[in-house]
Each structure stands twice: as structure tokens, then as C-alpha cells.
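My questions will all concern the structure given below.
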Amino acid sequence: MYRLETTLKKEKIKLFFPRLSSDVHTISRLEPSSCRVACPAGIQVKAYIGLIVAGKFQEALDLIKKDNPLPGICGRVCTHPCESECNRRKVDESVAICALKRFVADWELKKSVKRAEPIARISDEKIAIVGSGPAGLTCANDLIRLGYGVTVFEKLPFAGGMLTAGIPSYRLPREIINKEIENITDLGVEIRLGVKVGKDVGFDELMEQGFKAFFIAVGAHQGLKLNVPGENDYQGFIDCVDFLRNVNSGDHKKPGRKVIVIGGGNSAIDASRTALRLGCDEVFVVYRRSRKEMPANVSEIEEAEKEGVKIHYLAAPVKILGKKGKVAGMECIKMRLGEPDESGRRKPVPLEGSEFVIEADVIIPSISQKPDLSFLPKDHEFKLSKWDTFEVDPVTFATNIQGFFAGGDAMSGPNTVVDAIAHGHFVARSINRYLKHKDLKKITHSSSEVREWGFRLEIEGEKPIERNHFPKLSIEKRLNSFEEVDLCFTEEQAIAEAKRCLRCGPCVECQECVAGCSKRLVMLSFPHKEAQEIGRVPEFILRVPTDPMKLPRDKRSEEVVISWRDEEEKENQLTLALEPITCFVDKDMCRGCGKCEKVCEYKAITLKPVKEGLVVSEIDESICKGCGTCVAICTTGAIKARHFTDKRIEQMLESCLNQE
Amino acid sequence: MIKDIIKKTKAYYCLDCGKCTAVCPVALFDGDFSPRRIVGETITREDKVLDDCRIWNCLTCKMCHERCPSDVNFIEFIRLLRVDARGEGKEGICSHGGAIQSLMKIMTAPNLNQKRLDWIRPDLKTSKDSEYLYFVGCLPYFDLFFSNIKANSLDIARSTLKILNLLRIEPQVLPNERCCGHDLLWSGDVENFKKLAQHNIAEFKKAGVKKIVLSCPEGYACFKSEYPNYLGKFDFEVVHISELLPDKLSSGEIKLKPVKGKVTYQDPCRLGRFSNIYDNPREIINSIPGIEFVEMKRSGKNAMCCGTSSWMNCTQYSKQIQLERLKEAKSTGAETLITFCPKCQIHFLCAQSEINYPEELKLKVIDLTTFLANALGGE
Amino acid sequence: MSEEKKDFKPKVVAFACHWCGVGKNEINAVEDFPDFKLIKLMCSGRINSALILKAFEKGADGIIAFGCPEGKCHYNFGNRNAAEEYKIAQSLIHLLGIEPKRLRLELDFFSEDGKLDSVIKEFVGGIRKIGPSPLRLINENK
């Protein structure tokens, strides 16, 4: 540690003080838990589950809202990658994290909550967000909290993007979406519905109106073509997105008698279950791989099958059959799974001569979507990928045009809600830095750092506890209505389920100590100001100024990386373990003169008898603040300051006096 | 080379008898410290000794050498080891944060312009051309630095000058004399010792003096033996104040007034065992009318050290040595302990100033020159 | 002589407590004076005469120590200790013949705006006038 100063700081002597002077003690969680790492939005999963166990539902919800402004929505439709990484799976089944999130969100809905006050505007800059989906809403939520003016433009007559247009209300009731959007508009975000940016109002016009930054989060609403013969020849073809949007806009007309949905994603299942609810006689899903590869949520598939959807696995459309200009059916071919392709999934291979026909009058392709770019002028200069998505810097989410950022499905192609939320956060951070004229490149996102989860969990001896299952609407009730299928946990169930969490790691990061300390002595802070400003830091550090350091010494240190340029302008890095400066007594050296005891204002020094008539001073390092007055006063040199010895000061003096 | 050190100090002749350890004041309290063992271990494992922090604990009081049947010069042995250890970047633990070492090193600066003569009161006579020089040494610095324990070290200087005046000597007192270098030498810093010595010799030559009077036994021993040792010819007569006095006192040239009280005397190692001056101080004390002089159990050649030397490694054991010595002094029934070395005085005063020092052991500690000066002026 | 002083770059060591304005923010004043070598201590109470003498011994032309004002020490009374040690050090350097102007303790530089700047300017200016420390030679001989 010392060398750094003497040899490298040629121009200016700067002392790297161990930042942890013993005024501060830390509870440091070096690695976030695996569920949090898995979550694209980095929600503090373990923490809110811990709070649910304690019955602190409001606190749990507040904590979720820090990273996710749409908990009720995510609690219903999230693909919950957290559950796939849950360590409980090593014992039995993962904790029902998603359902627990929904539980606290619903819990709040049930009671009357005071509506939030608008956030005071601090800066004059206005930001335009194109698209009111999860990415746009999250970004708007973050930016309004930073004091900017935020306006969201939505082409459709309702807000929510794919949440409202694409997800049927039996999975995601409209009032949940409306409530959570309301929470955001309450803060002062303006949402202009039915305004098509680029057509109704141009980008130039918006710039003239004073919008300084743009976030394009238009989603991916254009279905891809099947590219099979007959596709464009017959009536009865509805793209999945259009179909769902129409239904969700209130058009509950029966599309036909027999329906084929092509695809295996959540929207394919949504379309099939929606068709059943509209009164269609038979609904088929055709998917080219097996059930195991199907991207839709397992529970969705299960429920669809229960409701009567017939799924043809390992089948692909060959051509569309028609009669009198209308769809009459579809010829399919059976597939088998071959070698894995670049996505890791096994590639379907057609089995020759296995063709078969499914009769139908409606075909809903739901294979994938791409962004609808019709809002852009013809001569736009945005860099696009071959899938028509916006190309952005992977870290800053900035497009090739200054002031324009893109995220969500418009950037990534069809993706999950929670990914869109994560994009919203990242873009908000970037826009903030952009407007403050800070280097965008300095941003780091925790998700871009691959961190190994180093905590070793002892799962031996853990008894399996059956996962709690939330109740569901009965099949009969489902088929004639769009009532929500998944019902909520009861309080008892939620607490019981939360108790299944193994609490990987010592601190659950619930931050209750921060809120609970009446003297405001506990602080939550990040090691670097800069890091705090530009993004989430995976480390969680609690500074507890008065907590005695009863921890073993090796647990008290903190590692800090210091980088510097050497004479050849080469970037160097060094990891330092920092420990607090405290003083200690070399017992053999101490004469027990008692001077130090008098100067110690903290009563950290006591005189302990060692022999008859002989005392030796002793420093309680948990109380010592490291001021060094006792070191200065000690006549024998028995008291030394850890990490700040006389020798070190001497060398510092030498190094700064010998430089020319 | 450690082999040379062993040869030079006759450490090879060590008989392993352990007499040194038996009399060593450090070993008396610090079970880890034993001169015999250090010598033995050095002979068998030469390389390790320089890392051994025990070599800095020796007080160099010469008690061991005094007793050694084989004339192993243990303290010289230790000193030379320290020189080598210092060469490897090791050093003892400086007391007072190294302030005194810094003072000594600062005095190696060639163009120093010290303001150290403020203590000379107008009634004290000095001259600019006397063949005598009074070498004051560190006293002005000690007086200031140890003002918190009321060492009043400059009283020694004033008393010495007063006595010299009485002997019709009006010595030169040099404004830019340096520290004699004794402590640097004994803590192994030969380089700076030599610098100080050269400066001093130059100052002496410039002043044209022939005789150097000292009130400090360390400076005396240092000028007498170490300067010639390290710098060759040293053309000055070195006189300790105690050497001037007995004749004059017994002849009645100096008259003393009676002082009541029971006193005892601490032999400084540099005056006693180093310079063999045991009787003069006692004669001086005994010449003061009314004084009852008692010897401590360990006195003269066996006198116990004051606990610390060279301003380093002042340890818990130093304190125990001091307490032991003070107890011994007190047990004679004396109420005053007379020292003859400013450092002995400081060390004993320091021990007494510390917390938990037993009230019943409180003793007046005074330097012999001051004690004598207080008795001057008798009929 | 005046020629010499023109080239003279004073080496000034500043001991600053971690909590007073200087140590806390490493304020611009210190950056503006390239001759200033800042050594941060946890508290001005760590300053003792040994530290000051050592800095002179190593060749400092001037030493200025910063601490918190009386009553505002982060550790209650560390600055009192500094003031006491400063007194002893001041007398010691007087004995050694080092100009007293080379050593300064500043405990109350935040009472007025810009006082710190003027204190530093005055101090460094003073050192420039006196010239290099007599102890520089020990170090230059090395």
C-alpha cells in the first residue's frame, strides 16, 4: 500500500486513506444473491422476501419499487429468471418469488393508499419518450424522479404498450396496469395518447418544443410472415399481435370456428386461450419443437391444455389451404429434433412424407415480431439491424444519433417485460448523464459485469418444504370470461412461502436497519460516488458508525481498486485491502505512564495491571477512532497506529521532500 | 562482518558461565533477554542476529563486561551489531517519537546557527579566549524537552559554570557546538556520529581551546575514548568537572555551607564503569558539611543502570529497572538521590512522574553539580 | 543572493487533519501551490514535535499544520495537543537556529472567506524571503 504513494505520485502527494476510518463499520455483502443477479432489473429479491417473512409488506413493496415501478404487472407476467436460479431448487422447488411480488402489490391495492405527490421539477430539460410500454414507463419513472420534465407519446388510444395490447386481461387485469401507470403519472409524467410521433408530430417539432433527449421504446408490434405458400392468398389470416390488440381493445367478436395458432411463445398461448374465451370451437397450437423447448411459461402451457387448447408439438406449416378465397386449413409436416443450433436449442428437421392437414378457418401466426418502423421518416439515419431493431451502444443504449436512445423490444426484438424494465433504467441513467454533459462511456451496468456468485450455501440438512401454490379460477368460470385466472396468495400462504427462502448470505439487504435507527447512524452507501451516480453497484455496504468491531479482523477489511497511470501512460490497477486506522499498544514497550489514558477522548484506553505495581495501557480497538493523539503523546513508541505507522509518515515525508 | 565482530570483542572466549545474565539489569526483568544467549546464538547462527530485536534492548551499562571472566566486551559487541543492523535498515524503537534522534541528526547540518546560549545569566562569567571550554552538550534541549517533568537540566550547566568561575576559570562556551554524538554512536549510526564529531572538532579548533570541561559523563566518555577511536588524534585535554573538585574542596579553596539531609548516589555507567571515576563524586558529597551519605546496596562497580540509554527502546522493563533502583535508593533511608548524569536524572524523574507511582517511593533527584552549587558560599 | 532566491523553490510540508477544510476537501489552495506537500493525518493531535523535527530533518523549508478550530476538533481535543506540541517545537527550532517563521500552526482558517488562501500565500511568501532551510544541506549531501 505504501509503495504506491512513494513511487507513483511524482507530482502530488496524495494519501489514500483507508476510507474506513473506524468511524464507520461495514456490513458488506460482497456478492448479491443469485436471484438478484439473475434479475435483469436487479431487484433485491432476497430482501423483500425477508421483509415478507417479517410481515412488513409495505416495506417489501417499497423495496421492489426501487428497482421495478411495475410490481403488480411483473408479479403476474414476469418470466421470473430469478426462480430458475433459486438455490432452493437444490433442495426441492424454487421459491415462488414472482407470486410473492404479486402478493405484496395486490396487498397494497386492497387498502386505500394515498396517491403520490408530483415530484418537484428541478431541471428545465424535457425528455420525450416514444412508447408507453414497460421500458418507456420505467424510464419515465426514473427521469421524473430526477427532476426532469417527461412526456410519453403513445400511438394507441391506451397506455401500456404490449402489456395492454398484447397480454390478455385474464392474465393481467387492466385495472392493475392502469393503477401502476397512474402511480407513474401521479409523479408528473405526462402521457399523450393517440399521438403518433413522426406522423402527428415530428421529431424536429419536438426538439423545437424543447425536448432535449428522446427514448425510442416503440416495442415490436409487427408480426413476421410465415413465408409459406398461400399465406397471402386467403382471408382468415390474422397476425397474433393484431388479434390480441383488437380483443384487448374490446372487440370480442368470434374470429371463426376452428383456429390454428402457429408458434410457441407466450403470445401464441395467449392467442390460443383468448380464442377459446371468444367461443371458438377448437383451438390448435402448432409448434415445431417439443414442449421442452417451448419458450412460453410452463404454467401457461399447462393451463392452456387444461382449458382445451390442442397443441401439436414437432409440427411446422407447409402450406395454407384455401377454399373460395378463405382459409380452409393448413398442411403441416412432422419434425424431429436434430443437432443444437447456435441458440443451443435443437434444430427441428422435417420428416419426409409425414404431412398432415389441420382444418381451420382462422390462422394466427405468432412466430415473432419486429418493430413497426412506419413512424420514422423515409430518409431517417438510424442504424438498424437486419431485424429492423435499433442498433445501440450495448452499455449506454445510445443510438447513432445524438440525443436519441433506444431500448425495450424496439432495440432487442421481442423480449420479456423485466428486460424492458431494465432497459428503461439504463436509458434513464444514460439520459441523465447525457443531459448533465457527462461521459456516457463511463457507465457500467451490473448486468454487464459477469459476476460469479461466490457465496457457499450450506444446503445440507435443509428439509424439503412443499411450494405453495396460489389458487386458480375454475375451468368453467374461465371459458366464458376474461376474469383473471391466477389468484393471489393469502397472507398466511405468502409468509409460509417466503419462509422457504434460504436467505443465501448473511445480510438480507432489507435496509430496515437504515430506516429503523432513530439516530440515523446507519447509512447505506456505495463505495464510490461515481459508481453510485452511474449505475447500481453490486456490493451492498451498510455503514454503521457505532457498531463495535466485534467481527474478526479479516472480516473488517474492505477491498478497493485503485488505478493510476504510470510514467509510460500505462493503466495500472491495484487492489488494496483497506482496514480502519486504529491504535494498538505494544505491551512489552508500554511503561504504563498513563499519559495516553488522559488524552483519549473516547475512553478507549484503559490501564490494566500486569504485575505488582505495574500497569500497561490497553486500547479497545472497537472504540478507538484512530485520531493518533495517543501515538503523538506516547513517549516510548509503544502505541502505534495500524496502517499509519511512524515509518510510513517518515517515508511519506521523504518521498515528498525528495521530489524535484 | 559478524565474524569480525565476534573476534574483535573476544566473544569467542565466552565460557557460557552466565555471569553476565545474572547481573544484567534487563535480564532481571525481561526473561527473553540474556547476554550469554545472544553471544551464544550469534556464534552459532550469525545470520539471524541482526533481525533480533533484542540487540536494541541492551542498555550498554557495561555490567556484563565488568563481570565477564573472559573479558568479552559484550556492549561493544552489541554496538557493532547495531551498526551492521542499521546498515540493513533496522533500528530500535525511538522514544519520544524520535524527536531527540532528529535533533541530533539536524545538528549534523554544517551551517547551523544555534541560539543555545540564552541560559547564561549575567553573573556567570565566560570568555572568548580562554584555553578552557565548557562543553554544555544537550542540556539546553533537554531542559526544554523535559520541562514537563521539571528536569531543569540547564541548572546543571549554570551550576557548572558557577563552580568553574569559583575555580577562577572563565571558560569559553560555544554557540555552535554540536551534540557529542554519543547516542548516535551507541545506536549504531556511525556516519552521523562522525559528522557531529568533525563539526565539534572544527569548532574546538576554531575557538583555540586546549582543555574541555564536561559536566556530562557521556560526553566525557565519548570525547575521551570514542573520538580518538574514530577520528584519530584528539588534541584536547578532556576533564570531567568531578576531576577538578576534590582537591580544591579538601584544600578549602571552595567553601561550602552546611546542608542537612541524608543522600545517596547513583553511579552513572559512563562515569563509573566506563571512566573509573567512583571516588571523586563521593568525596565531593562527603565534603558538604551536614550531609549524611549512605551507599545503596548496589553501588560503585555494581551500580545498577537507570534503565534506558540512547533514547531508544524504553520499555516496560526499563520502568521496572527504574522502580527497582528507586526502591533501593529509598530503602537506604535517603530523601535525596544524587545523580551525576543529566539522563539518569531525567529517567528517574520521568519514572516518578508516571501514574501509579507509589507515593512512599517519592525521592528528590538532583544532579551533583546542582547539589554542590546549592551548597556553595559557606564560610 | 537575490539571484539565488529567484530560483528557490520552497519545500513546504503541510500537515493537515483529515477533517479540517484542508484535509477533507484537499481544497484548491493546496493544489494552487505546487510547493505544497500535503500530508494528511487523521487528526492534528497526531502532530508532535518529533514529527515537526523529522520534517525539518528531511529538508523541509517550512512546515504548516492545519487543524480544526478550538472546540470543533472531530476528536474533541486533538487540536489542543497539537497546540501544546507546537509550542515545544517552536522553542526547539529556535534553539536550533531555525527561523520561527518556518513553522506555523493554523487552527482557525475558516472563520473568514479566503483566509486560508491568504495564510498560505503569506506563509509561502515568508519562506521565499527567508530562503532555503539550513538543513537542506544534510539532505543534499546524500
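Going in written order, the chains are labelled A, B and C, and every chain counts its residues from 1.
As a convention for this text, contacts are C-beta pairs under 8 Å (C-beta built on N, C-alpha and C of every residue); 3 or more make two chains touch, one makes a residue touch a chain.
Predicted, not measured: the structure shown is a model, and the values here were computed from it.
Chain centres here are means of the Cα atoms, and by that rule the chain farthest away from subunit C is A. Between A-C and A-B, more C-beta contact pairs are found at A-C. Annotation: 35 Å between the Cα-based centres of subunit B and subunit C.
Mean C-alpha positions place subunit A and subunit C at a centre distance of 51 Å. With each centre defined as the average position of its C-alpha atoms, the distance from subunit A to subunit B rounds to 75 Å.
Residues of subunit C found to touch two or more other chains are 48, 51, 54. Contact with two or more other chains is made by residues 94, 96-98 of subunit B. The residues of subunit A that reach two or more other chains are 631-632, listed in rising order. By the touch criterion given at the top, residues 11, 13, 18, 26, 31, 37-43, 45-48, 51, 54-55, 58-60, 74-78, 81, 85, 139 of subunit C touch subunit A in their complex. Residues of subunit A that touch subunit C in their complex: 12-15, 17, 21, 581, 599, 601-602, 625-629, 631-633, 641, 644, 649-650, 652-654, 656-658.
Subunit B makes touch with subunit A in their complex at residues 30, 93-98, 313-320, 323, 350, 353-356, 358. Interface of subunit A with subunit B (complex): residues 587-595, 597, 607, 610-611, 613-616, 631-632, 634-638, 646. Within the complex, the subunit C residues that touch subunit B are 48-51, 53-54, 56-57, 88, 91-92, 94-97, 134-135, 137-138.
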